[in-house]
C-alpha cells in the first residue's frame, strides 16, 4: 500500500497543537463589534475591558483581580514574578511548561527565581502531575540561605500530557502549600479543558480549592491572542498594573484583547469550545487505542491523546501530510485536538493511522 | 454662551491619541483572510509571517531582520536590550517616550541600563529632538567605570511633540554615534507619519542614514496590536528570536500579528493612513493657530498639533465631550489625529475651540 | 615662583578621597585577633559577627536587623532592592551617589527601578540636600502606570558635598515620606561624619527621625572593606539574608568583615575617627577660605571642603603632587579629609595653596 | 566506651570547610605591608593591584585579563553573565556549586540564564565530573527557541567531591565546547588544589587546554576574602570593569584585596598551601579508609575525603566536638582539609573515628 492510498486530508485541521487553530466565530464577532465603536479609551479604560472583567468575576463567583496579557509565557512569568523575589524558587513538575518551554521566561521576569523540579514516583507523578509529597520533599530538602527559598507551587491544569487534577488533588496540594507558606499558581493554558473534563464549577478547582492566582488561557481556546491573569488573593496583585506595563504586556488598544473574552464568556463559548476539543480527543482515543502497535501513554482526560506509535507509522502519517509532534524520543506522539477539530478529521486520521499500523504490523 | 451651544460631537473620533482609533479596514481584512486558512503553523512559521517579512524587506530595500512583538514598550525595550548590557546606557532626548512613558521598561528588559537624558539648548532641542552636540556632550561628560557607559543613541521619529527629524539631522546623529561607537536606535511608533511628512523613501531616514534598528509602529497606524523590530545591522539580532520568546513577546498564533502587516503594506495603506493623519493635523493647525489665546507650541510636522490653550477653554472643551491630553502643566495640549480622523471632526473641534476662545477672550 | 618652591609633600596623606586611607589601628587589631582564633564558623555564624551585631544594636538602642556587605554600591543597591519592585522608583537628590557614581547598581539589583532625581530651588537643595517639597513634587507629578511608582526616598548623610541634614530636616523628609507611603533610605557612606558633626545620638538621625534602613559606611571610616545594612523596620528585611547571598555579598570568612566593626565600635573609634576627619576639614577651611581666588562652595559640615580654585592654581597643586578631584567643570574642587589626615598635611596643603593663589593673583 | 574517652580536640582546626580557616601568614603580611603605605589610589589604580595582576599573568604565562571580586558567588556569576545573555544557558554537572549552593546567583547576575544539569552515566560522571558526552547530549536535546540556548560549559576544578579533571579530560570537554560554539568556564574555588594534585603547570589545565575564563579561588587557599576572575580570551572581558562596578564587586580600597594575592603568589605560597591541604587529605584517607564501617565515596584527589560513616559514629564524633558536614542523606560525610590543617589534628580525628567505629562495630 502506498502513501497515496491514505485518505487525503479532508480539512485544514491538524493535530500538532491547539495553537494552530484560528479565532472562533464568537471571539471574532466581538473584535468586529469592538472595532465598530469608533475611538475608545486606551490601556483598559474601555467598556469592553470593564465588561470582560465583570464577566470573569461572575464566572468565578468572586471579586478577583483580572489583568490581560498577550501570551502564556508572559501570564505565567508575571504571575510568578509577583509571588517571588529573585532569591525565591518555584516548585513544579518535571514536565511543567514553565520549566520546559518558556525559554527561561520565569527566571527572566523574576530576575533569577529558580524552578525546582519535583519528581515523585507515585501514580500521580507518572501522569504528569505534581504531588503533595513531591512538594513536601522539595521544601524539606534545603532551607539554608545557599539555596533559593521555595515560595510558590505551580501546577498546570490540564497538564502538559492531557491529564487533569481532580478537585481533591488540587486541594491536597493547596493544603501542603498553605502549611509551608507557599503560594499556589495554576498555569491554565488549557484551564477550560480541565473544567470541561471535570464538569465542575470553575471556582471549585481554583480559589475554592486554594489556588491564589490562575493564568486563564484564551489562545488555545479560540482567541487570536491573549490570556487573563486572575488573582483570587488580591493582596498578591498590589501594583500588578505597573508590572504589566513595564514588562511590555499592556495593550494600548486593549479592547481588541478584552472584547474577544466577552465573546468567549458570553453563552459559555469557552466551555463549549473546550468540551468539543475534549470530545474530539475522546473520539480519537476510542478509534485508535486498540490498534496494533499503538500504546496510549496517558489517560485521555482533556483535549490530547498521547500515544506511542511505531516509527514507520509516524513516517507514513507525516508523509501523508498529517502534522503532530513527537514529544518523547522513541515514538511518543502528541495528538492535540482544538476547538475547531472536525469529527471527520479525527476519523480520517484514525483511518490513516489504522492503515499505517496494518502495513507496519 | 453655554457649553450646550458647542457643536455636538459629530463622530466618535477624538484627539486624545492615535491609540484610541480602531483597526483600519485593510488590516482587518487580512485578519479575516488569515482566519479563513484553517490550521496554520505557530510561532511565525506560517505563510503570512513570511510574506509580511518579505514585504518589509522590499519596503526598506535591504535584507533586514524582522521580528514582530506586541507593543511599543516591548519593541523598544527589547531592541535596546539587544544593543546594551546592564552597565551600558542609552542617550535620549528629555521627552523620549522610553524615558517618560514606558514605566522603566528599557531598564527592566536590559536589567539596569540607564537612560541618559541629553538636553540641548539649540533650536532642534527645543523642538523635542536629540542633537549631535547633546549626544557628544553626554559621551564626553563621563567615561569612568562609576557611570554606565554610553552604548546607544535613541531617537524618536516622528518625535513625541509632533516634529520630524530631517534626513540630514538623522545622518548627523548617526555620524556622531558611529564616531563614538554607539548604536543608533529609532523609536518609530509614528515612523509612518515621519515618512509621510518628509516624503522620502523609508530607507532614506533609516539604514541609509545610519540607523541600526527601527521599531516600526503598527498600532498607531491602524493595527489592533503589534510593532515590528527591524534590524538593519543583522549582527545585532543574533539570537534575538530567543530574546523575544523569553520576554513573552512571541505570539503562538503569529499569523494574527503578521497578517495585518500584510494588509497595511499592500497598496501602501500604511503610508496613506499616515498621510491622512498628517493632513488632518495640518487642517486642524490651519483652523486654530490664529485663534485668540491659542499658541501653537511646536511645528506641526506629523499627526499632532501641540497648542497652549487658556484654562477656561480647556474646561469648556472637555465639558463638551472632547478628549485630549494636557501634557504640560499650564495649558499645553496635545491634539492627536489618527488614520480615521474625519475632516468633519476636525472642523467641529476647531469650531468649538473658536467659540470657546471667543468666550474666553 | 616655580613649582619646586611649593612645600614638598610631608606625608603620604592626600585629599582625593577618604577611600585612599588605609585601615585604622583598631580595626586592624581586630582582624589580627580574629585570625588568631583558629577555625571559625563561616557565613556569619561566628562569635565576631554576633558581637559586632550586638554592638550595633546597642549603638542604635534598638533591635535592628544587621547585614554586612562588601561595599557601598552593594549596601545601597541591596537595601533599595528590598524596598522596591522593578516598576517602582527611588526619589533622590541630583548629586546622590546612587545616581551619579554607582554605574547603575541600584537599577541592576532591583531589575529596573528608576531613580527620580528631584531638584529643588531652595537653600537646602543648593546645599546638596533633598527637600520635602522636592519629594512632594516628584510624587505628585505622575501617578499613572506609565511611569515607575515612587516607593522610596533616599538621602545621603552626610551629603556628597560635605553638608549635613539636621535632625529636623531628616524628620521633615520622613514625615512626607510616611504620608506618601514611601520608605526612607539613608546612604550613610559617611554616616559617622554626620553624627560627629551634629553631635547627636546615632538614633536621633536614623530610626527616631523616621529612617527605615541605613547603609552604615565602614570603609571611609577606617575599615579595609565593608558596610553594614541596618534595618530599623525589620518587616523590610524578611529574607534579606537570601538576597545578600544570591547577590554575591555574603562573605564565607565573615569574621574578617565583622571583626573590624568590633574594633571600630569599641571605645567609639568610629566616632573619634569621624571627629578627627571633620576637624581636619575645619582646619583646612579655616586656612583657605579667605585666600584670594578661593571660593568655598558649600558649608564645611563634615569631612570635606569644596572650593572653587583658579585653573592655574589647580595645575600648580597637582604638579606639586597634591591629589584631589575636580568634580565640577570650572574649577570646583573636593578636598576630602580622612581618619588619618594629619594636621601637618592640612597645613602643608594650605600653605601650598596660599602660595599658588598668591602667584595666580 | 563513653564519648569522653575520645581524644579531646587538640587544635582549633576542623574538617567542616576550608572556609573556616583563617588568613595564611604570607597573605596577612601583605595586608600589613599594604596598610603601611599611606594613602593609595582607589579602585585598583594602586601598585599592589598592578603587581598582583602582573604576577598572575606571569603565573599563567599569558597576557590574560584579571579582575578581583569579593567571593566565589560573584566571581562565577559575573563570569557567566559575561558569557551569556538572559536567554542562554550554562551546562554543568549535577553537583556543580553554581547549581547547588549559590542561591540562584548565576541566574540573578545574568537576568535569567538557566543552568542545564547534565548527568552522565559513565565513570567520570560518577566522580562528580561533567563529561563530553553529557555536554553533547544537552546541546543536541533541544535547539528550538522555546528553550534557553546553550552558550557555556562550566566545570569545577577540583570538583565538589574532591576529584580532579585530568588535562585530557579538560581538553576533551573544551573540544566539544568549541565544536558546539560554547565557551568554557572553570569554577576554580579550589583550583590550587587541582594544580597541586595534577602537578602540572597552571596553564596546562586552563588556557592551553581550552578554558576561556577561570575563577581562581583565593579564600579557601588562605585569603581573608577575594577571588580572581581570569579571562584568557580577552574578547570576552570587554567592559567587564563596568560589570564588576555595577554589581557591587569593585573594592574602593582595592589594595587590601589585591595585596594578599601578592603574598600568595610570591614564593608559590598558593601552591604550597594547596599541597599541604592535599597531603592532609591523603593522610586522613590513609588513616581511615580501611576502618570497619567506613566507605570512601570518591577518590581522594584534592583536599577532601568523602566517606560514608555509620550514623552512630557520626553522632559520637559530633558529640566530641568534631565539625564536618553530612552532605548526602544516609551518612555521606565531607572531611575537608585546609591550608592550616595540622597532622596532629588529622591523627586525632582518625583516632577518634577509629575508636567510634570500633564501638559501633
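Lettered A, B, C and D in written order, each chain numbered from 1.
To be clear about the criterion, a contact is a pair of C-beta atoms (placed from the backbone, for glycine too) under 8 Å apart; a residue touches a chain by one contact, two chains touch by 3 or more.
Fair warning: this is a prediction, and the values are worked out from it, not measured in the lab.
**Student:** Touching both chain A and chain C, which chains are there?
**Tutor:** Where chain A and chain C share a partner, that partner set is B, D.
**Student:** Any chance you could check whether C-D or A-D wins on number of contacting C-beta pairs?
**Tutor:** C-D is joined by more C-beta pairs in contact.
**Student:** Give the rotation angle, in degrees and rounded to the nearest 5, that superposes the C-alpha atoms of chain B onto those of its identical copy chain C.
**Tutor:** Answer in degrees: 180, to the nearest 5.
**Student:** Measuring centre to centre with CA averages, how many angstrom lie between chain A and chain D?
**Tutor:** 43
**Student:** Which whole number of Å gives the spacing of the CA centres of chain C and chain D?
**Tutor:** Their C-alpha centroids are separated by 35 Å.
**Student:** Would you please write down the residue numbers of chain A that are in contact with two or more other chains?
**Tutor:** 43, 86-87, 102-105, 108-109, 111-112, 145-146, 148, 242, 245-246, 250
**Student:** Would you mind writing out the residues of chain D in touch with chain B in their complex?
**Tutor:** Touching chain B from chain D are residues 43, 85-88, 111-112, 145-146, 148-149, 239, 241-246, 250.
**Student:** Applying the document's contact rule, which stretches of chain C touch chain B when the two form their complex?
**Tutor:** Contacts found on chain C: 86-87, 89, 100-105, 107-109, 111-114, 145-148.
**Student:** Note which residues of chain A are touching chain B in the complex, please.
**Tutor:** Touching chain B: residues 11-14, 16-17, 19-23, 28, 31-32, 34-43, 69-75, 77-78, 102-105, 108-109, 111, 219-220, 224-225, 242, 245-253, 256-257, 323, 338, 340 of chain A.
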